[in-house]
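Below are two complexes that have chain A in common, paired first with chain B and then with chain C.
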Partner chain A sequence: MKPFFILAALAAAVGCGPASAQKSAADGIAEYRKMLEDGNPAELFEAKGEALWKQKRGPKNASLEACDLGKGPGVVKGAFVELPRYFADTNRVQDLESRLVSCMATLQGFSADEIAKVPFGRGEQNNVTALATYVAAASRGQRFNLPQSHVQERHMYEIGKRVFYFRGGPYDFSCASCHGDDGKRIRLQDLPNLTKNPGDGVGFAAWPAYRVSNGQMWGMQLRLNDCYRQQRFPYPGFGSEATVAVSVFMGVNAKGAESIAPSIKR
Partner chain B sequence: MADPMRIRAQAAGDKATVRVLMSHEMETGQRKDSAGKPVPAWFIQEVSASHNGKAVLSAQWGPAVSKNPFLQFTVKGAKAGDKIAVSWVDNKGDKRTDEAIVS
Partner chain C sequence: MKSPFLVVTAAAVWALASCASMPAPADLDREAVAAIKASFRDQGIAKVDRLNQDLGQQACSSPTAPPPEVAKRIEATALASVKWPAGGQYLGDWRQGEKLAQSGRGMTWTDASALPKDNGANCYNCHQIDKKEISFGTIGPSLWNYGRLRGVKDVTDPSAAAIVQYTWAKLWNSKAYAACSNMPRFGHMGLLDEQQLRDVLALLLDPKSPVNQ
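After this line comes the complex of A and B, so read on.
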């Protein structure tokens, strides 16, 4: 009787195989994200960031409400989809996180170098991530449109392109090894093609994001830092020119993509 | 003090759906830090909810609940303008209560 049972079970398994395989892994992950969307803990960081934005802090006991994110002092809405951009006061192109740190230095009296040295997920870096989440959330649903009118912005795009295609490290990897073609993936994760607009809410338009697997909120700086870790490159400095340049490259390429940040990731 | 919760309550028909997002580490006590020492357990133990002051939910939670937990429940008879309050107490005795108005 026993062998018959095994045969029957096998037949059943084979029979239902093709039906369940019709749903791809990507569909499964999309479904999982949909289920989690309703209770995206990024909202907790958004609320924390909003409180931090208005709170008087630092040696100068000031709030960040006068911070200029590119659309004038204190304008938060719409700023995220135009970053990184050139800032005349610091005379360089800055992304959201490095700009926030500049504001924390000039308005609140924090030391920008000290904050840049803090490891991700600790102390003041947690506050920078929460602030970035708040600023990004204010532009949810808007479309990316990075300015390229200033010469430094065009310059950074070209540098970013070179950084993106630069191969190195023990595995001879570049960003383009994984993000230069359509339809690539790591394990079950679909990888966006970042050499063009990868679509709404994908790639540059999805971060900052809450990562369910480790319960952490990640900004673009940490996202890039971890990409370099996976490539076995040396870690780039926080807010370094290389990371800002790659962000400009991705952001300009994503022109027209709708921002869903802060999103939720596996 | 603990960070605030996010509570949304929406009425549909004769009941309201309440969705709560809590900010908590929810350490199980099973993990070790980089120095090899156990990370002490720290999780929400009791959760309760009330509708216009009347208790409608009471739950005992443990370390199996995720970090930054999400809770959803339905309250029968709740209508727009009613007050929903949710509170939790963790194993360190820290507590938090937040309120929302049903919309």
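After this line comes the complex of A and C, so read on.
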């Protein structure tokens, strides 16, 4: 689909009357999402991710079909709504994207450190995003239920909670500045309260998502990265402990929320 | 029936196991700060020294408000930090203030400069201000009719001095009146310069500003 067509559809769906804009911005976007249900460009990334999952690649010329996303080697369906979780082989709690990179390293022979250094939207990071889109899509309609049975998982929740409330930078912002209360907005953008289950398909249950405004597919790591940019923080490392911990905090809080990922955003 | 000894032993074992598995809250606080420090790097103007918290940032990094004596100390320090405008000139141009209020730019790692002249005031992101602007946020209270509701008919009149000074101090260092305010400290953190703050103050208090119609 052409970006121009998408923007035109957005303008039409959101409506241009100033009087209606406040009330109907969210409705307009919902309507617009519905219009695009049959043509969410995320499907292209999902298809690319599925092909990448099965394709023999990397120095070891292997596919990712033996990758364990938490439910056993090769099990994709249902894995997304239980991530981040603890993995015995790496002895770490990992989110979807950092787990995919681990599998790319162990199975295919890529360098995990090198991939982590690649900027979003380039090279292997594009492949990680496509793979994450594919894995998320396989759990569409399922409800979030992150495991908290391993002590490291409970530990990461506690760290993540503290990361979420950590205020710093020139604006004194934390995640909680925007996402700690119900019913708040930045301009007309609704802000989910991420300290609890914010509802089906909202917040943690909506990413990866295709962003119409810039024509990009964003995984949770890039979503968090741009939150931190707007929080006026320094740059969070890809798959860094703070980003995984805050994902555990949001994911556990979202227990019972239905995943609509990969979704479509303004 | 279990003997009391056994029950006590079981409780002690359970308590020990809990201690071994999850660190104490104060240790978790330290671990979280260490994790944050290890997770971020410099990018452009956004350096990792932005993660060094002052007393207020640290005390307000929790879902629980700090104890009243700590909050009072933060507020007193903040009020003492306020730099009052040169020559007692508080009032700028509300038109410039509106432009600043509209702009959400500045201080991110994609901004080239951290100078006040390159920064917006971000007001509409969180506040309703002029009612004609329907795209406003709701994190802060509505500022529509801010000066009018407070009876300001002439900013230079001595009767308006208290509210004018309060507003200046709130813009300079919002923590002067609420230790854990969500609002950035525009003067204190060097986000806006004195003239920009005068302009934003005019948007709020000038009887000619559209905000007060």
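Rule of thumb we're sticking to: the second predicted complex is superposed on the first by the 243 of 266 C-alpha atoms of A that agree within 3 Å, B and C clash if a C-alpha of one lies under 4 Å from a C-alpha of the other, contacts with A are read in each partner's own complex, and residues count from 1 in each chain.
Rule of thumb we're sticking to: contacts are C-beta pairs under 8 Å (C-beta built on N, C-alpha and C of every residue); 3 or more make two chains touch, one makes a residue touch a chain.
Just so you know, these numbers come straight off a predicted model, no measurement behind them.
In the superposition on chain A, A:Asp200 makes contact with neither chain B nor chain C. In the superposed model, A:Glu258 makes contact with neither chain B nor chain C. The partner of chain A that touches more of its residues, comparing chain B with chain C, is C. Contacts of A:Glu65 after superposition: neither chain B nor chain C is touched.
In the overlay built on the shared chain, the residue A:Pro234 is in contact with chain C alone; chain B does not reach it. Of the two partner chains, chain B is the only one touched by A:Lys48; chain C is not.
In the superposition on chain A, contact is made by A:Gly215 with chain B only, not with chain C.
Look at A:Glu82: by the touch rule set out above, it reaches neither chain B nor chain C. Contacts from chain B toward chain A in the complex involve residues 3-4, 6, 19, 21, 23, 66-68, 70, 72. Partner chain A is touched in their complex by these residues of chain C: 21-23, 28-29, 31-33, 35-36, 38-43, 46-48, 50-53, 56-58, 60-63, 107-110, 114, 124-126, 134-139, 175, 182, 184-185, 189-191. Partner chain C is touched in their complex by these residues of chain A: 18, 21-22, 151, 154-155, 158-159, 162-163, 165-174, 176-178, 180, 183-189, 191, 195, 228-230, 232-237, 240-243, 245. Put simply, chain A touches chain B in their complex at residues 38-41, 43-44, 47-48, 215.
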